[in-house]
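Here it is, the structure in full.
Labels for the chains are A, B, C and D, by order of writing; each one numbers its residues from 1.
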Amino acid sequence: MSATSSATATTAHPSPHRAKVSLAALLFGLVGGPAAWFGQFVANYALASFACFPHDTPRVGTGPLWPSVPTAMLAINIAGMAIALLAAFVAWRLWSVTHGEQPGPTSHLLEVGEGRTRFLAVVGLMAGLGFFGAIAFNVVALLMVPTCAG
Amino acid sequence: MEDIEFERIPRYVSATAAYRRGLGVIWETPPGIGGWLSSVDHKKIGICYIVTAFAFLILGGIEALVMRLQLIGPDRHLLTPEQYDQLFSTHGMTMIFLYAMPVLSGFSNYLWPLMLGSRDMAFPRLNALSYWIYVAAGLFMYAGFAIGVGPNDGWFNYVPYASRPYNPGMNIDFYALGMIYLGISTTVGAANFLVTVMRTRAPGMSVNRMPIMVWGTLTASAANILVVPAVSLAFFLLWMDRQFGTHFFDVSAGGQPLLWQHLFWMFGHPWVYAVVLPAMGMVSDALPIFCRRPLVGYTPVALSTVATMILGFGVWVHHMFATGLPNLALSFFSGASIIITVPSAVAVFAWTATIWLGRPVITTAFLFFSSMIVLFVIGGVSGFMTASVPVDWQLTQTYFVVAHLHYVLIGINLFPVVGAIYVWFPKMTSRLLDERLGQWNFWTMFIGFKLAFLPMHLTGLRGMPRRIYTFPDHMGWNILNLVSTVGAFVLAAGVLLLLVNVIQSLRSGRLAGANPWDGATLEWSVPSPPPSYNFAVIPTVVSRHPLWEDRLQESADRSTAIEGMLLDHGRETLATTLLDGDADAILKMPGESYAPLLLTVGLSGFFVGLLLHQWWLAAFGGAVATASIVGWLWPERALAQIAQPRHV
Amino acid sequence: MSDTAIEATPSAPRPLAVGGLGYAGVGWWGMITVIVTEASLFGYLLFAYLYDAVKVDGEWLTAMPSVRFALPGVLLLLASSLAILWGSRAGAPERLRAGFLAALLCGAAFVALQLLEWHGKAFSIRSDAYGSMFYIITAIHLAHLLAGLLALALVLVWSMLGYFDSRRHDPVIIVAAYWHFVVGAGAAVFIVLYVTPHLW
Amino acid sequence: MNSSSLSLACAAILALTLPATAAPPLGYLRGFGPKSDPVVQLTWGLLALSTLVVVVVTALVVIGTLLRRARGGGGIARAPVERGGSGLRWISVGLGISCVALLLSLVWTMVVLAAVNAPPRPARVTIEITAQQWWFKARYLSPDPSRVFTTADEIHIPVGEPVRIRLIGADVIHSFWVPALSGKMDAIPGQINETWIEADHTGRYGGECSEYCGVQHAHMGLVVVADPAAQFQQWWDGQLRPANSPQSAQTVAGERDFEFHCGACHSARGTAAGGTVAPDLTHLMSRGTLAGGMLANNIGNLAGWLANPQSLKPGTNMPNLYLSGQEIASVTAYLQTLQ
């Protein structure tokens, strides 16, 4: 911090490109992945637990309450992955519009992180991809673990 | 006559001694007990929080030592089973609710306005309220223990054992009402942090320029306002079941014991992250100071902080792997609990890279922070093991979990907090802590901690269940328990050394100056201790490291705390916009007020009345509380809340 | 993108609202956090109800809930929300007071309906888990509604004292936000307690 | 001294403290059946992976600190500040490796979960276990009502055969845990949980309640005895017999005292003692322990337990009966006949 500079002097705005992107798109890029993950997670958890243990006795060896439960869970899962990917794609588009917001190589985005709009865009990109991975983790469970105990 | 001022173009000035004097008159808390009881200064409140939390830490530590004496060998009879049960429950309650979160709130309270370039928190009186309620709720929760009816069902208090038929004493009532009461403190504190970070950052501090600790406490606060209602509700329903014969958890009339576990852990697991994320933020902010370079990977670390919390909302059932839920349902939680390792790994690699790519200066604080990385990894991998459902069926409810949670809470809360004391004590008191004693302090704590808790992993793998008041010989646990007990006392000696260092340095420590560590963030730009108004002029921020800009040379602009908006028509600070920190409005800040204390007194009467079934007291307390709220919220001319001019 | 130019902030200082008018202040933002945390509370409450309802072995409902009082109640709440919207849009103090007073009366009528409904129920809070859940959910909502009524009354008093004008009226928008939330929570409670039983 | 040498020192201390020979009775790092074997392998696998991660990160922190530490005096304020390398490769490489390891762990976890989801073949024996403060009641189910019987705290199973366990929580939540055979399953009031166990070696396997359940949570043990099939059948048949009739004068008196003092809670089938809230004692002497696994079943402990259960197990539901010395002797003698 310099003692000589003046606050009224011209300082760069933290997000010169803010007019180029829509806040709604930025928000979707940020929360799309996490929301998709949480939605599919809670929905599938509720389905899996109720279908196999509806009241006070587990359905051991009799399969789920409704035979379509495994398919439904997989469909929810795939929908979640699609939303997360879409969010990542939107964030990537926003990033390509704003990555010139501050000078510097691409790695500056992650390290120096200047330029508020491109910062949020790149965070959205990472969040979308990361939560896509998190949803994909649940596919492993869906494909490998029997729906109810044998 | 005074006209209404709706708008003002703030004066831009260079801070001079005359302005500082004027601001001092405006902001200084009056001396004496009255000033202390009515103070709304975030710095005073922050220090009160930290001191109170440490008092609870010491209480909880003594409880732990007594338990370790009971467990020093097989078949000891130092404690009765009932005493042991109350001790372990009170120990957990103390450390998790009365130490771990409040101590972080204390640091955040103290540091946030200074880091964010503001003159106080967004709601100074709410800040005082959250502290007073914390103290009152802490005393409330301890009152039962003091008269021999402390909580006795562990900190997670499972029903039906917590229900009246199995637990007829007042033990659980103290805990239930105390937790609801404490929840108010946590909630208003969290709301205050949220609005503070959204509205009162320095101009130019866009979201990508906030210190990581701010991200940590922001995330924790967001989590708190979402999950604290779950536990308050659970305890309220339990109290209704116990006192009024309702059937929320009563299986004989359609209730469900597992409902308790769901509500508790929907709160409990996010809470666990809430008590470590701000501390991880402290490491992310302070470790780089000692590595003489900015943190590696700010963006991924900031995201990982938030992502940990989001994933943290989806892991609550991993505390319930053995409750009979279908395996497929469990496996989703297994996946989430395993993948939550990823954001933690981001932080670990970022810290390690910061060490490798920096030039670490080995101070006591650095030792605490760097050892924290190792403790974090150990706590992390043991958590990762419990995330695997079939493995957890064995590990859960054994000493392996005890080891895990102590690595997490001591490793990722206490160690960073002690490191943070070494870093920020000079800011708070103007004096440095002694480094030589500091080294002793660190190694004693580190060795004691390792001795106490590393063997517990093995104790658990050898099958020792947690929460047993004694154990028989020939189980293969004797020597491990002996070592743990010895380690616990060494760890306690380490904490004692910290206290000695604090007391000694308060009197005769070396003077620190404004920036003893050559730190990068705004709090180091003000004198130690900071003046009551924090900043004479509102600083302008153009980067993440305002005090390192000349050396990092990353842009042509420079931050400043020398010239800026003055804001001295009474207590004022600047409101800025959510994302970019553009100047938006001038906020009028309240002065000293007894309303928070009065509200706390009213609420205490209310809760004591409920506890004792003295309905008149509850009604009276509730009325006092309501009246304090109305008085508090009554529009004030000095706060620019009234439209009409005075002469009307 | 070729545009890497750095846009400068206009250096001309602009006037700032003193005391933070409306959404620029902190009060409204604080109310948002209150609403988020209270909405979570209702979320957990309704989760608890649905959890016990689906897990119970046997009949959950003591009797199919009648909408005789609840439907007019929820309609009154919606009407009160509209009254607040109508009243708080205006700078005119008379309209503000008329809107808030109308909302207050609707809210008070809701309280009366709620008490009537409780009075006529064949089961009590101690009958079984359904009874406990029914009474606690409606009671917690009623408590929030009473707090909202107190807030509406305060706004009316402050308005009559002439504290507000077309620019400075923070309590109006803050209390309005809270009231809309209470109405929304009431609608959610209505759907879970009175509508979902018909769906299974 | 640095933290890695310290960790090594700790590890050495641990190694020294562990007698290599004595296997801990409740340890679960060795499995004894198809339910536990895959879990044991997974546990070792994750333990090894975890240890490796800890060693690598510790080494990175310690070596980095030692290699890179600022040398020379002058204090921190004189040390230069510079950004240096971006360090992002640390995060990307580290995350890449972590994700592979995590995915493998997840897949392995799911494989094990699927493997232990159901017994390899249908279970022919089902035991209904009711957990209560602070003992386990075991009811052996059979389609033939005359073959159903109840015992406590010590359950026999046929070796090499899966056995289904139905768990009932009678009062508060408990957990059924026989570490060598299977992980935990809670017994929760209001719901029936099912699990299964199988032992592929004969022997006695220790178990313990592992959910905190009140003052005597520390003393709520059980034993699973895996017998060869024929011996198991013989044991079952034996358990169906009513209690032996007393022969000597002392045991006849003992039976009377037992019926009078103990019969409201305990039963001995074939006598007037028909209580069901406490363990069935029809074949008490076929069991190895007393008082929820707390005491070895011998005449001294039995007499001591009868004399003052509350001093041995404070808070236990068995009250002090204030029996006379003579009564204790006769009841003890009678109980000794319940083979």
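Everything that follows uses one rule, which is that a contact is a pair of C-beta atoms (placed from the backbone, for glycine too) under 8 Å apart; a residue touches a chain by one contact, two chains touch by 3 or more.
Bear in mind the structure is a predicted one, so any value in this text is a computation, not a measurement.
A.B. asks: Provide the labels of all chains in contact with chain C and in contact with chain D.
C.D. replies: A, B
A.B. asks: Report which interface contains more C-beta contacts, comparing A-D against B-D.
C.D. replies: Pair with more contacting C-beta pairs, A-D versus B-D: B-D.
A.B. asks: Counting only C-alpha atoms to place each centre, which chain is farthest from chain D?
C.D. replies: Max centre-to-centre separation from chain D belongs to C.
A.B. asks: Based only on mean CA positions, could you tell me how far chain A sits from chain D in angstrom?
C.D. replies: Roughly 41 Å separates the two chain centres.
A.B. asks: Mind checking the centre-to-centre distance between chain B and chain D? Centres are C-alpha means, answer in whole Å.
C.D. replies: Averaging C-alpha atoms per chain gives centres 36 Å apart.
A.B. asks: Indicate the whole-number Å distance between the mean C-alpha point of chain A and the mean C-alpha point of chain B.
C.D. replies: Averaging C-alpha atoms per chain gives centres 27 Å apart.
A.B. asks: Using mean CA coordinates as chain centres, what's the gap between chain A and chain C in Å?
C.D. replies: 31
A.B. asks: Could you say which residues in chain D touch two or more other chains, in rising order?
C.D. replies: Within chain D, residues 83, 86-88, 99, 106, 110, 113-114, 117, 190-191, 193-194 contact more than one other chain.
A.B. asks: Enumerate the residues of chain A that touch no fewer than two other chains.
C.D. replies: Only 8, 11-13, 53, 56-58, 102, 110-111, 133, 137, 140-141, 144-146, 149 qualify.
A.B. asks: Touching two or more other chains, which residues of chain B qualify?
C.D. replies: Chain B, residues with two or more chain partners: 12, 255-256, 258, 294, 296-297, 300, 324, 327, 331, 334-335, 338-339, 342, 554.
A.B. asks: Can you list the chain D residues touching chain B in their complex?
C.D. replies: Against chain B, chain D makes touches at 1, 3, 6-7, 10, 13-14, 17-19, 22-29, 38-39, 42-43, 46-47, 49-51, 53-54, 57-58, 60-61, 64-65, 67-70, 76-77, 79-88, 90-91, 94-95, 98-99, 102, 105-106, 109-110, 112-114, 116-117, 133, 167, 169, 171-173, 175, 177, 179, 182-186, 188-191, 193-194, 208-218, 294, 314-315.
A.B. asks: Give the list of chain A residues in touch with chain C in this complex.
C.D. replies: It comes out as residues 8-13, 16-17, 50, 54-57, 96-103.
A.B. asks: Please name which positions on chain D make contact with chain A in the complex.
C.D. replies: Counting only chain D, the residues touching chain A are 83, 86-88, 99, 103, 106-107, 110-111, 113-114, 117-119, 190-194.
A.B. asks: Would you tell me which residues of chain B are touching chain D in their complex?
C.D. replies: 80-82, 85, 153-154, 158, 160-161, 166, 251, 255-258, 289-290, 292-294, 296-297, 300, 322-324, 327, 330-331, 334-335, 338-339, 341-342, 345-346, 348-350, 352-363, 370-371, 373-374, 377-378, 381-382, 384-385, 388-394, 396-398, 443, 446-447, 450-451, 454-455, 458, 461-472, 474-477, 479-480, 483, 515-518, 520, 548, 551-552, 554
A.B. asks: What residues on chain C touch chain B, complex-wise?
C.D. replies: It is residues 13-21, 24-26, 29-30, 33-34, 36-38, 40-41, 43-45, 47-48, 51-52, 55-56, 58, 60, 125-133, 136, 150, 154, 158, 162-165, 167-171 of chain C that touch chain B.
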